[in-house]
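Quick one: this structure, given as structure tokens, is what I'll be asking you about.
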Amino acid sequence: MQPDPEKLLSYYERMQLIRLFEEKLAELFASGLLGGTSHFCIGQEAAAVGLLAAAKDTDWVVSNHRGHGHLLARGLDPARVMAELLGRKSGYCGGRGGSQHMCSMEDHFLGTNGITGGGIPIGTGAAFALKYQNSDNVAIVFFGDGASNQGTFHESLNMASLWSLPVLYVCENNRYGMSMPVERACAQPRIAARAAAYGMDAAEADGGSLLEVLQAGTEALKLVREKQRPFLLELHCYRHCGHSKNDPRVYRSRDEESRMQELDCLKQCENMLLQRGLGSEAIAQARERARLSIELAAKEALKAPYADSDYAKGGVYA
Amino acid sequence: MQPDPEKLLSYYERMQLIRLFEEKLAELFASGLLGGTSHFCIGQEAAAVGLLAAAKDTDWVVSNHRGHGHLLARGLDPARVMAELLGRKSGYCGGRGGSQHMCSMEDHFLGTNGITGGGIPIGTGAAFALKYQNSDNVAIVFFGDGASNQGTFHESLNMASLWSLPVLYVCENNRYGMSMPVERACAQPRIAARAAAYGMDAAEADGGSLLEVLQAGTEALKLVREKQRPFLLELHCYRHCGHSKNDPRVYRSRDEESRMQELDCLKQCENMLLQRGLGSEAIAQARERARLSIELAAKEALKAPYADSDYAKGGVYA
Amino acid sequence: MPEEKTQYFYSQAVNQALDEELARDENVFLLGEDIGQYGGAFGVTRGLFEKYGHKRLIETPISENSFTGLAVGAAMMGLRPVVEIMFMDFIALALDQLLNSAGKLHYMYDAQVSVPLVLRTPGGAKGGYGPSHSQMLSSLLLGIPGLKIVAPSTPRQAKGMLKAAIRDDNPVVFIENKRLYPTKGELPEGEYTLPLDKAELLSPGKDITLISYSAMSLVCLAIKEAVLSTGLDLEVLDLLSLQPLDQKSIFASVRKTGRVLIVEEACKTGGVGAEVAALIAEHCLDALEAPIMRVAAADAPIPSSLELEKYVLPQNDDILRAIKALRDY
Amino acid sequence: MPEEKTQYFYSQAVNQALDEELARDENVFLLGEDIGQYGGAFGVTRGLFEKYGHKRLIETPISENSFTGLAVGAAMMGLRPVVEIMFMDFIALALDQLLNSAGKLHYMYDAQVSVPLVLRTPGGAKGGYGPSHSQMLSSLLLGIPGLKIVAPSTPRQAKGMLKAAIRDDNPVVFIENKRLYPTKGELPEGEYTLPLDKAELLSPGKDITLISYSAMSLVCLAIKEAVLSTGLDLEVLDLLSLQPLDQKSIFASVRKTGRVLIVEEACKTGGVGAEVAALIAEHCLDALEAPIMRVAAADAPIPSSLELEKYVLPQNDDILRAIKALRDY
């Protein structure tokens, strides 16, 4: 599959959108406009964009705590995602959920999740429902290397395989779970290799390369959809930023970071676009469009009102 | 390793002891003298006896809900095990624990456990302590095929491998978890194959053959002790009885059962002893010794007194 | 001579509710361990597998946390899972999904999803099952926002409330009781449901209010009969719903009798009784003529020994003693 | 001019307790996520890894249930694990091991083992962490037999009680609070421990008793100051221990003032306040001059939005309103 250059450029723009979105968030944090904490995916944009570009818009997405990329890659409105982070009424969840608990059913986005490994059974359940309903949509569950050590990973993958559920498990292995290097957390640090314990097929791909993700994602999704079987895809990634706000990253060297910076997915993507004949002008324009859209989003979100006390305390039951 | 015939005969006697112990329990149930429920290991005696014969007496044992075999194979007093089942003060836990919650620290028996998969992290913790204390004892954790689907299996084996803990995981795969055939519960029904997901070595053996268990157990324990690495040993077993009291065994055919009955570990053991030149008289005598000891145990246990109300409500805190 | 009405076991009532709801709505499915041919550890789902097959009765591996989470995900997508946790003691394994997913999702995802999930589970001691198979863990769940919790005590209530629970759009924990399964009662003819948020006055009286739920409600009724001859007229209120508590019915009864004894099978400390007592102490203090008393299980694990078990569980004598104290206050 | 005593952060007090106990007893070790070089999500264990190394500070994979279970096993074998659960919200994942192992083993194995385990975890909301990172789940643990539960509110208490908890032979859940970490106080010179079962009268008064724990105790103290000028003299009792509850101190205070307000950060329904109220309603009814009131979090998840969060958490205004109602009753 060779997507045409315009498509690729639009993916690049989406990746930039995510990057700039989070850089804007960092600004807002710094200026005290944003509370709580949140987890940036700077460096992992190709994984989110490539994978969801390979999916149908009606496939269901379950994400984890590091979900901005997934949300924006799925096409949610950056202004409303930002409003959610800022706790405003116009946010996707009215300010109740925030970064780690954001959902948009109309976008087939079943939610980010603050409990590491908590989304894995939920996504498996979504796949269960899709099969039950004879849908040809599939479920896509994003999680990290760290989450693969939760019992839910084991239990869920086992059930998905037993019952042949149409679910794609996407492990973004960014080498760390918070401060924990994957080799010190996973006795088998090749997460994909764990799939065999469930009689499940698996593959690995370079999460820093948009094209590789696109291709691996397309193949994996085709298998899941056609065979109605689960699949585990491990994407090798790196987050350039800290785990969350205020992470001084004592657990890794600046040297490692700058080496990885060289392989940044946005850089790689730009080179790839250039190679495919897209001019640096077109690339700069895409970047500029993304920048503008984030500026607008932030402006809009910052002036959105908050919900009220009744809203905060009510609505617990359906 | 070829144990001498006398040793083998004593193992046979131990197996008979377990079998007759549970047959006595069935009698007590039938006559209404025994309350609650309990899980017999009829058919799995070779696994318990062979494995614990291969272990040092000072290795620590953690068992599950199906623990009578493990308790008696470890050499606990049948009268006190029975007293515990009958809820008497002289039982190993004063009647508080019963079948599924029985422990004897002086026998290095860390306890049976009523939560499927609940003993796996506990045994892993025991191994952690042994390593911390520079002990050359190891921990042995018994569990079933069904328990291998709990998150604790995954989480614990991962930690044991990461931290090189001296623990032998013994999965008695008796083909069913309650009524659930292993193929419908484990997407990878070869439990031993799951060890690879944790970079752990594993082996399988015929749990119906005392000699095979002895040999596989000896080898596995040697590896664990010498390499200070965890190991997963899968023993293929069959329980001839129901899962617990009152199980009509609708989930399997009488045909399958009678085929398996032919392979009963006690029968196999008797044939093996005969082949090794032990006379049928010696075998019968061993059986008789076991029978007598169970008769005595039951008599003793049945006349033992109960503890009182203060004992029942007190002793919650150390 | 009037026709004798058929009596059904509590377990049959639950079974009928499941059967009828499976038949009514094909989004309903059952999920749990050994619930197929085996019929569940207490035979409650017996016969349903033969009728509805593999699609609607899903037997799971032993993975409580994730099959509960799977049910949550399926419920978000519009199905109506009925999960069985074989013994209530095992609910702790699934608690994260109840606390951090099921109870919260509707709220935190701003009503974009609902979680129409029922989790059935038998609590309570039944003679010698021991510390890990006997607990009434109602208080573990109380106070998890977003959950409804019910604990019916008769076949009629069990059937009507389970059907209502399955149709409710919220996660409902449906607490059964091993000791109730073999109890019998009549069932209304034809289709019915019962509300999930109403207590039931099992027997009006004027002297002392006994408030209880699950199997202990039947014990309270029996106690009422036993003391009638002494001239004491007890009012027996069955909570049925533990979350939300039917404050109106509770307060009405307390205002009538002025004396309250709360009886439950859970440990006393932090039990449902504590919340009931606190509500009364806030809203009906003026009506109280005696201290609010509680009889519950001791704050101890439940021993295996049949002989010892009874000391830990609330006994009739404990209840009678408390009643006497309230009368004489 | 008197010498100024050094002020320490609550987090430093916890750190000192860990440090001293690690130094004192080599059976003590720490277990948890990111507690090494990173120092834990809130920096509480900072510096300890450098001092005690890999043997004593074990960084775990994200496997809350099993690393808690592992600690239980290690404790049975004589070690003294101090487990950190990064946010109290995640304790639900480890609940089975707390409920069915840690709390029960000493009893059900007939005192052959003890489980000298400490589980440290920060509860409470701290401005925008959202529904899965803000809960005070004290009531989830209350009523689990065999656990001790403490929730100190000052650096001095935190240090003394954590040292005592580590030396205690029972499983102790040690509830910290994200909002308390940056609060400061003096620490006694030298070695000390504090009892695990005593409440502390933070400030005597005669009109109304405020009973609280963790961060809300400081709020209550501040409220006391704020209303002093109106002539109201509040008594502030800090529970410190949630299990067991120090009934003697609670009852003494209630008998003194006759008016009680219980303040906590957990959801109101089924909270620790319910148990406290129930105990008072049973044992001090005669001394009550007004209904027992509770101010707590709403029975709702805690929203992420900083603006919304405050509506769900107990606010000063709620407390003041309740005080006024009690005064005017």
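To keep things simple, chains are lettered A, B, C and D as they appear, and every chain counts its residues starting from 1.
Going forward, a residue touches a chain if its C-beta (ideal position, glycine included) is under 8 Å from a C-beta of that chain, and two chains touch if they have at least 3 such contacts.
Here the structure is a predicted model, which is why all the values come from computation and not from measurement.
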Item to complete: Touching both chain C and chain D: give me those chains, sorted by label.
Response: A, B
Worksheet item: Among the chains, which has its CA centre at the largest distance from chain D's?
Response: B
Discussion item. Just the number, please: Cα centre separation of chain B and chain C in whole Å.
Written reply: 36
Fill in: Between chain C and chain A, distance of the C-alpha-averaged centres to the nearest whole Å
41
Worksheet item: If you average the CA atoms of chain A and of chain B, how many Å lie between those two points?
Response: 46
Worksheet item: Where does chain A touch two or more other chains at once, residue-wise?
Response: 96-97, 101, 113-115, 118, 149-152, 155, 158, 162, 184-186, 315-316
Practice prompt. Pull out every residue in chain D that's touching 2 or more other chains.
Written response: 61, 63, 65-66, 89-90, 93, 96, 100, 104, 107-108, 130-132, 145-146, 299-301, 303-304
Worksheet item: Given which chains touch which, is the overall layout a line, a ring, a star, complete, or other?
Response: complete
Practice prompt. Under the touch definition given earlier, write down the residues of chain B that touch chain C in their complex.
Written response: 34-37, 84, 86-88, 91, 95-101, 113-118, 146-147, 149-151, 177-180, 184-186, 250-251, 306-309, 311-314, 316
Worksheet, complete the sentence: So, in the complex, the side of chain B touching chain A is made of residues 149-155, 157-159, 161-162, 184-188, 193-194, 196-200
Worksheet, complete the sentence: Touching chain A in the complex, chain C uses residues 29, 55, 58, 60-61, 63, 65-79, 96-97, 100-101, 104-116, 145-146, 148, 169-170
Response to the item:
Listed in rising order, chain B residues that touch chain D in their complex are 60, 62, 92-94, 96-97, 101-105, 110-111, 113-115, 118, 120-130, 132-133, 151-152, 155-156, 158-159, 162-163, 315-318
Worksheet item: For chain C, which residues are in contact with chain B within the complex?
Response: 33-34, 36-38, 41, 59, 61-63, 65-66, 89-90, 93, 127-133, 298-301, 303-309, 311-312
